[in-house]
Amino acid sequence: MQEKIKVTINKKPIEVEQGTTIYKAAKELNIHIPVLCYMNLKDMGIEHNPGGCRMCIVEVEGARNLPPSCVTKCTDGMEIRTNTPRVLNARKTVMELILSDHPFDCLICAKSGTCDLQKMAQDLGIREIPYQGEQSTYREDTSPAIIREIDKCINCRRCETMCNDIQTVGALSGIYRGFEAVVAPAFEQNLEHSPCTYCGQCVAVCPTGALTEVDQTNSVLGALADPRKTVVVQTAPAVRAALGEEFGMKAGTLVTGKMTSALRELGFDYVFDTDFAADLTIMEEGTELLDRLGKHLKGDKDVKLPILTSCCPGWVSFFEHHFPEMKDIPSTARSPQQMFGAIAKNYFAEKIKVKREDMVVVSVMPCVAKKYERSRKEFSVNGDPDVNYSITTRELAHLIKQANIDFHTLDDQDFDQPLGESTGASVIFGTTGGVIEAATRTAYELHTGKKLDKVDFKQLRGMEGIREATVDMDGTQVRIGIAHGLGHARQLLEDIKKGKSQFHAIEIMACPGGCIGGGGQPLHHGNSQILIDRQKALYKEDAGKAIRKSHENPFIQTLYKEYLGEPCGERSHELLHTHYFDRKKRWIKK
Amino acid sequence: MSSVKVELHQKDVDKIKAIAKEHHNEPEELINVLHATQEFFGYLPAEVQEIVGEEMNVSAAKVFGVVTFYSFFTMTPMGRYPISICTGTACYVRGAETVLDEFKRQLNVEVGVTTEDGKFSINCLRCVGACGLAPVVMVGDKTYGRVSPDGVKDIIDEYKDAE
Amino acid sequence: MAKHKMNLMVCGGTGCYASAKGDLVKALSEELEANDLSGEVQVITTGCFGFCEKGPIVKVLPDNTFYVEVQPEDAEQIVKEHVIKGRKVEKLLYKHPHTKERISDSVHMDFYKKQIRIALRNCGIVDPESIDDYIAREGYQALGTVLGELGPQKTIDIMKESGLRGRGGGGFPAGLKWQFAKNNPSDEKYVVCNADEGDPGAFMDRSILEGDPHTVIEAMIINGYAIHANEGLVYIRAEYPLAIKRLKIALNQAREYGLLGKDILGSGFDFDIQIRYGAGAFVCGEETALIQSMEGERGEPTVKPPFPAESGYRGKPTNVNNVETYANIPVIINKGASWFASIGSKNSKGTKVFALAGKVNNVGLIEVPMGTTLREVIFEIGGGIKDGKKFKAVQTGGPSGGCLTHKHLDTPIDYDNLIKVGSMMGSGGMIVMDEDDCMVSVSKFYLDFTVEESCGKCSPCRIGNKRLYEILERITDGKGKKEDLDKLRNLSTVIKEASLCGLGQTSPNPVMSTMDNFYEEYEQHVTDKKCAAGSCKSLMSYHIIAENCVGCTACARKCPVNCITGEKKQVHEIKQDLCIKCGNCMEVCKFNAVTII
Amino acid sequence: MTKIKSLEDLKKMQAGLRKQIELREKGENPDAHTQIRVAMATCGIASGSKEVMDYLMEESEKRNLDVVVTQAGCMGYCHSEPTIEVTLPGEEPLTYGNVDKKKADEILEKHVKLGQLVDGIIPVTHKTIEEKK
């Protein structure tokens, strides 16, 4: 046991563990110290404390300078003051300096209202900027999913940490030095030419408007206003567990019914559920798993195992960029978003007798990478994408607010049919471990031919970055791996490459926590408890569903009967499966 | 930092690979490798950095981050006769700035830029440690001491017609 | 080996090397060869003699003749006259600037009189490329003593007793630093020599590495043994090719002799040293940034604590000292802690090497006991101000230091005194300024440096210094306002208190010290829009005094922008809107008809 | 190259190397040693000053005397060549004329070792050569 040490903060005494930072000690005393660069997602094991912004400086008796509280550890007997005139003046001056190198377009900035910098300037009561001078300017970069307006970068370097240390994508780095220092891709190229996976974790942690998602709300409004278009919307599972936060509700509040009402009020012709497509994904991916597993068990040496999930577009980009040699291993099943698009524009359009080009499919996603995924060429027919627009949870909230809809007083409505029916299995797609649990429920029954009574596979749940479990399928021990966060995915893949780990199936989600922690979700502002609450909400919704296995979804059964034939059949292959590319950049000229 | 587009040939790539290998492909040795690479190519174009990154198991973004952090590394080729004007304090108080201005005026280029004919480029460096000779100018490896604006022309002329 | 009667010591330091118009060593050797004297007279390339102002320098031993400004064409005379006939070559002897007397040896030169050479003891005496020379000068004996007799703790105790403080800038007691590194348990520790001398105007570390590389190697091995580290790294500026070359030679020689490698001197202790190159980043002089850089990263400092002694290179306990600190260590072991502690002032022991430069007669590298006054350094060793101008200020500590003035001339130089008067020891740059130097411009010069060298990690340094620079620029451009002076003060204070590393915490020093010592000069710039030193071009204009002008047209012919009009024998006029204030007209006028207003 | 295996080895080696550096070390601080300057102008060399100088150097080393032997120009005593000037530490210099090997031996043994004066001193009214010029 470590000894406790005593310190005083603003004359209030407190005992803390050795190694506790001043910031954390102050928090225990409910003393709020402002931070800009510091970020602690403790449930994810992510702590970012470069000590760079210098907003959290405090006065320590006997110290010559003003140390940053986020990294400075308490020592026994330390007397700390967080609000002396000296501290306040320094903090204010530092803020004035930061603002002097920041564009003044707050009112029309995408981050306005949710910007940490803006809030802090308000708190400090900044009314003028006495130190005006040259502002650093950079080229703006718009990619299919993310906009980089790095004139607004304050060098907190959170994005760099997410991109390199957590996601190990390596698209971003601090570049230049001094006043020109900023975070950017190699050679200041656009993100499009970098190994960026558009996971959006940089966007999720950016305290200012330097990194934002490509806003497609105007395009969606345009489609809604066009009388010739039939506008179909699909909403991803994780959205319903987070959207409420944008309207001041507690994290983990399920707002499925209100969301459906709001979408209808916005004028969507059909309000469907991506969960339906998630059930479809399980049918295809589960079948693929059982096929490969069966061959493997029969001794087929050429069969590719483990099978890797492919519903996360960030993850797909990741292996295309970083592990192209493994591109044959993941399941060829498209993601639920794309399966939905294909079914909507083929099966459903046919069914309601709307021409493909007159149908607009909009997806609401917790994700930034989905914007990129929908733009991939292989998901278009004659230039018409299966999914026309993909907006984030945040963008949907903007739309609702824009349309003067009082979210709180909306009644709970159901999704439309047939593409709105879903099972509990599909709901948990939104959290790490959910896809593989859903797949297991179906695979078990299909493999064993027996009915599964206990559908909760608790061993697959949790928040650890890498999890391993074995599921007993009536004697067949199926080894399952789970990773969320691309850094963990990399670790798992390296282990597989080295032959250290052997699995039959692996689920990978690019974002920490899975889709609930997606780059398009309401900002967590460094509070990782929010993700845990969202996760709980999804498991709750699953538990409350009448049908909890994908293959039992009656509309899925109808779809196969009426249109697709059988899972992994010919039509399925055409509409529901895809292929992958080697995207590793090589310069070598022969 | 603008970069020149280059085409790399297999032998260039092999050279980078060899340099990286000499340094055990150890990410820690990135800076040493960049030194050796720049010595070979004369500068560090993006394409070269990409391969250095691949060989050293470091992302291209990070290689670029390191290259742009250190003033010794450059992404543009220097002139055949790179002119470096020392702007250390000793040279500064002895008039290095006027010498620098004169070089800029006569060659009609800014600091960090190469003349159109590719002959000269101007750079500033901090203290070559020859403060006794302040102000100091270096052309390639050759050092000129106690340079006055009047002497600038002579220095340039020395190289102007040289091939 | 043939017995040599005479040695010609040729300074191989960068300063001398650069000022020679050819290969001096070759010229002398060839001349000796031609006169069949190669067997009797040896030409030795040595490290820096220090007197760079008068380079290239050749010293003749044993008669201790000190030749200055020697060029290859002088080789013939040196050999024919001095070597053969024993007659000193008068014209190559140093001429006293005041008495005009020729002085033949360094002992009697003011430049050397007050110096005590500890760190530079071998510079100019040994051939830096010869380990035998170094061993002959008690080289590696301290290592032998440490390995054979003292053991780690006693060695550290000696370091502590000696009172040696880090010569890189901060002045942290070296023994204490070693103790921390020793006390942190780890099976892997490192010793790092900081040779990333980035301070503009300081070149002592380079001179030591060029002149006596083995002393650094020996000290690093001692350091490694004392803290239980088996690996050392030298982080050296890539801009120092000569020092790198000599260091590499020295490392190989030490390995051949078994002084590096396994089981050194039969003690069972293993140690080796590798080189890491800096790449032009001043901030890498800061030890945490240096460690980042050694790990192949951007040289951005990290927050301390943890100090490198706890978690440094590769996250292991690491001791970082700079070159000059190391150069003192073998002598301390050989001569004892009390000997060392007897030199210097109360809290600053030993000597300090300074790079004396600027508007002083004798520019060069000097080593004086701590506690020597600025006056002694500038006016005795330095020979006073160049061209008979008036002393105005002396800047110590480089971009982290401050500008001191008349009233500080009798301050004994040591770590604490310099901080007390608002400056810093820094690595030992000492730049002398005269009446022509504008203090606002000088602080702008340093801020320009800081802005360029700031790593950009923390906001106060990244943006604050830029804003400081902009305000200073405004003032020197004649656009300053009274409130700018308050802004300078507040910004300086906040940058100092809130910045992450030593660079930011000291970067406002040039501004603060010049504001303390030359406030009226700032006021004059802001309120009167005048620069008394005449260095801020925007604040002055050239005019022709009609009474004095004879209309000789000399000025008009010399004007690079043709802004001077007037017929021959008529009073000329300067068109102010075209004038670029180059000063050519004033320089060329023989009739004192051009004036600055 | 052989490795140095112990402190003793190192010390032995150092003792062997000292000679190599002695010339320089003494030259750094000539006033601390006995200095013998040999006039080596044409007249001196013609009358054998080179041999005398070589002799002085070899012998002082053999006899382990703390002597720095240097050459000087013409001392102006062409009639008494070879001439040498002997300066004991802290004392005024004395000049001897017509020095041959025998004389040199006597000077080393008596003047240098014991501080006794030897015959053959040329009175120069206490001026060094340099000042005379």
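Per-chain residue numbering starts at 1, and chain names A, B, C and D are given in the order in which the chains are listed.
In this text, a residue touches a chain if its C-beta (ideal position, glycine included) is under 8 Å from a C-beta of that chain, and two chains touch if they have at least 3 such contacts.
The structure presented is a predicted model; accordingly, all values stated were derived computationally and were not measured.
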{"item": "Central subunit by CA centre of mass proxy", "value": "B"}
{"item": "Most widely separated chain from subunit C, with each centre as the mean of CA atoms", "value": "A"}
{"item": "Distance from subunit C to subunit B - Cα centre to Cα centre, in angstrom", "value": "23"}
{"item": "Whole-Å gap separating subunit A and subunit C, where each centre is the average of the chain's CA atoms", "value": "54"}
{"item": "Interchain centroid distance [CA atoms averaged], subunit A/subunit D, Å", "value": "88"}
{"item": "Interface hub residues of subunit B, defined as touching at least two other chains", "value": "65, 69"}
{"item": "Residues of subunit A touching at least two other chains", "value": "174, 176-177"}
{"item": "Per-residue overlap in subunit C, given as positions that touch at least 2 other chains", "value": "281, 298, 300, 452, 455"}
{"item": "Chains touching one another, given as label pairs in label order", "value": "A-B, A-C, B-C, C-D"}
{"item": "Contacting residues of subunit C [partner subunit D, same complex]", "value": "1, 3-7, 9, 44, 61-64, 81, 84-88, 104-105, 107, 125-126, 132-133, 135-141, 144-145, 147-148, 256-259, 265-266"}
{"item": "Interface residues, subunit C side, partner subunit A - complex", "value": "281, 283, 298, 300, 302-303, 305, 451-460, 462-464, 466-467, 470, 487, 490-491, 493-494, 496-500, 505"}
{"item": "Touching residues on subunit D, where the partner in the complex is subunit C", "value": "1-7, 9-11, 13-14, 17-18, 20-21, 23-31, 37-42, 53, 57-58, 68-74, 130"}
{"item": "In the complex with subunit A, residue positions of subunit B that touch it", "value": "1, 3, 7-10, 13, 46-47, 49-51, 53, 59-65, 68-69"}
{"item": "Residues of subunit A that touch subunit C when the two form their complex", "value": "49-55, 57, 64-66, 68, 71-73, 86, 89-90, 93-94, 97-98, 100-101, 130-131, 133-134, 154-155, 157, 174, 176-181"}
